[in-house]
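To keep things simple, chains are lettered A, B, C, D, E and F as they appear, and every chain counts its residues starting from 1.
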């Protein structure tokens, strides 16, 4: 189990590839991002009127990028050069290895799968939180570093659709904030 | 609510003071630490045989350092120069302000208080996770930077006592790993 | 005395909180700032026609943030959550501790107090230099990082009033430089 | 062609994964490494008594990690979780895309393949230089950061075998330097 | 020879002065730049219809800043304060020292001289690549950091003249890219 | 005068070459060092029983590396490759240019000269402070980064002689601290 914790710790010094390849100096770590996703999930869960298993929700948020401690944060343009499904399969295998021997391994793994496939309400909510955290971070970097290469994270029109209206509302508010002249 | 998320985001670029004052270059952020604490809490909960409210546990872990987004991570030697209880009162006030208007504000605040006072099983478990994350990180920095000023984090004998035996067992394992000649 | 020097050295790796919380990567250290304040004080003293004790002036400039080696650079929004005067009292206590046993402790401490209270011409001049150094640095960060969150350092109109006309003149010149289209 | 240069430039801000995952702060970029490999190749070529096409040699050295500008520097433990040959195929595809339309695309690609497969004298020499640059860098990090996790880069006995005796001699010299007490 | 490699390695942690003095945080290393120049030289050589000795070309590109491992990257405004020719003479001497004893010392040195004086086609091509790499990097920093102090790298009109039309064409393309509104 | 302040500000982002070339990541700035020297000078002055002009002393400490804002911090091994006295003459010229037009230019310049030549008690005291700051910093880096290349800063025997016995006493204390087993 200590080994698992040491592996998870590695996310603290794994920079998020999406920022690094766009020239953000001193980019956030994957652990920073995971904290953001978990915190946003926690907050969104308060606004959603469907029943949510919060323990499951937060577990998914904390696990969702754990395979990156082995596989690394593969850049999006890299994926097309691997066989279809190869990235996901590699991550699933790595997760298995990481959780190997833990009593909870099986259900944690199936919950992670629900995130990947968006097949449970908790998995879907973490997906929304995942995108929101990325967009909030993009906004912060645009404001604090003047980086112009983050434009492409923002969809051209307003119709980036989130699963949950609470997430959509936050996104709309963020978009307004972003377009406000300074 | 967006304002709360932007405040929480600030933890991503708030370095942990304990490392900075001991000369660790590029120290982890408070958000990195919060991810570590939440992840360790999640794992410890699987080893504990007392009933645990996991949603509450993880909420506490994610909230426990949120006031630092306003108050900052005050160094330990600073505290003695403030009136008794002033730091805790400042953090409680800042948390109130941050959660102001949220439906969950009241119970989140009382849960955070349980962490501060160690008055619930979930609060106690996060306290153990908080110390474990700090010690694992100290070990990682000792291994990867050769920093000799982190010695003082380690208690002289074996008797750093954790509340939960699962936490104690992990600490004992870590101590063995640390003393192994390289 | 070596202990005092080691404490002062800690300012070299203490980042200035005002920049860190506004997302400046690789922000200047408190020691960088203290050098800036001392250098500006030195230069301003040449332009002022009132008699100035330059040894006292530069001593104040070098000491003015020394308590931050113990207390840290508390962010401005944190202060309101502490009892009135608590921050200043903490800093005064920390300074006492740092200078403990030095022959010059008493008068250095009273000079530092004159800076805090603006009750001597030298204390007032360092206060002007303190603000000028912050504004020059804000300008440099705006020019070199495109950070838009530093706007709030600049007062809306021209009437940021300095004690000394030489400081005011430098500020006016800086404001012109800042508004020049690039 | 400008697009190719902008892609190659990305290697300047792509940190080498092997160092990052072992906690080296501020690790060298892939471009730093490529410079090292090219420079070592250049120097080794002077010591080798077999005929070498130096233009080809240096071209291979400069190209050998170019696919990482798209695929990233996949960590070694990640590779086992992908189908056999998937990583190499992804890199070959990415290189094709990068060189697309250049008159030299075909022979540059086949030279890169010779490096991957070690099927030409030039490809073999760059392979030796690739390992030497990694070991020299490991030594420098061990000396300058006290990192103890780089131990695993060094083979237990002396028999890390290089293709060229000039490379082997440099490695032997490096090993002696490394074991010298400071 | 190992000593030469260790010296060349130092370029990996020597930041380029031109960026540092203009406030670029985390500026590229001299080794990053040398990789860029060598890669651009390699590419330009494919577009030039005059006969080029590519081995010589790439050797010059890899060597051209090697003296900076001893002399450092002296800022441009510093040069006027040294006697005429002093900088070049210092670099030539340092290169001699670095290559001392190598069989290739003499012709490497004379090739480096051809770069300095622009007296061979290969030396001229590396000079063009040197400027192109600087301008591409300036563009990347402008895009990713919002730095406004890099303006001065760009000549007022279009007539920054390169020796080779292929270099000029790349520059023209870059200028168009730079002026495109985002 | 604003121009002089902007130039002095540049010392905040000029890293000290001696650390950079020895692989210290995130090395202190020249401004950090100047603060250290001024602070040590201030403290030493209290222990010295000869009459000292403290205003002059601190002015010298703040000015002593100002020419590096133009000339940069030339590495020690570089100096031998320039004509004798060329470095000092370049620095003197740069200082002239920086102070050009200031009423105090003349006597500041002659004070700086006294530091360079060690021809006044104040200049001598700053020289001692300059070496002490370097050695304290070397000690801190050795403790916090495990860097083994800083050994060469320490003289083999105890006889590194300082001009003032107060400085010598501090150095002896530091040497004891350094040799204490951790």
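The rule is simple: a residue touches a chain if its C-beta (ideal position, glycine included) is under 8 Å from a C-beta of that chain, and two chains touch if they have at least 3 such contacts.
Just so it is clear, the model here is predicted, and its values are computed rather than measured.
Student: Spelling it out: a chain qualifies if it touches chain B and also touches chain F; which chains qualify?
Tutor: Common contact partners of chain B and chain F, which must touch each of the two, are C, D.
Student: Find out how few touching-chain steps suffice to connect chain B with chain D.
Tutor: The distance in steps between these two chains is 1.
Student: With chain centres defined as mean CA positions, report which chain is farthest from chain E.
Tutor: So the chain farthest away from chain E turns out to be B.
Student: Which listed pair, B-C, D-E or B-D, reproduces B-F with over half its contact pairs identical?
Tutor: Checking each pair in B-C, D-E or B-D, only one repeats B-F, namely B-D.
Student: So what angle, to the nearest 5 degrees, turns chain D so that its CA atoms land on those of chain E?
Tutor: The C-alpha superposition of chain D onto chain E needs 180 degrees.
Student: So what's the Cα centroid distance for chain C and chain D, whole Å?
Tutor: 48
Student: Nearest whole angstrom, what separates the Cα centre of chain D from the Cα centre of chain F?
Tutor: Roughly 40 Å, centre to centre.
Student: List the centre-to-centre spacing of chain A and chain B in whole Å, with centres computed as mean CA coordinates.
Tutor: Here the centre of chain B sits 22 Å away from the centre of chain A.
Student: Which integer distance in Å separates the CA centroid of chain A from that of chain D?
Tutor: One centre to the other, that is 32 Å.
Student: Could you pull out the residues of chain E that touch at least 2 other chains?
Tutor: Answer for chain E, listing residues that touch two or more other chains: 13, 23, 25-26, 140, 145-147.
Student: Name the touching chain pairs, would you?
Tutor: Here the touching pairs of chains are A-B, A-C, A-D, A-E, B-C, B-D, B-F, C-E, C-F, D-E, D-F, E-F.
Student: Where on chain A is chain E touching in the complex?
Tutor: The touching residues are 22-26, 145-149, 151.
Student: With touch defined as at the start, can you tell me which chain E residues reach chain D in the complex?
Tutor: Residues in contact with chain D: 1-2, 4-6, 8-9, 11-13, 28-29, 31-32, 34-36, 38-40, 42-43, 46-47, 53-55, 57-59, 62, 102-104, 132, 136-137, 140, 170, 173-174, 177.
Student: Hey, which residues of chain D end up touching chain A in the complex?
Tutor: Its residues touching chain A are 10, 13-15, 17, 20-21, 23, 25, 70-72, 74-75, 77-78, 81-83, 86, 89-91, 93-94.
Student: Which bits of chain A are touching chain C when the two form their complex?
Tutor: Those residues of chain A that touch chain C are 25-26, 140-141, 143-147, 182.
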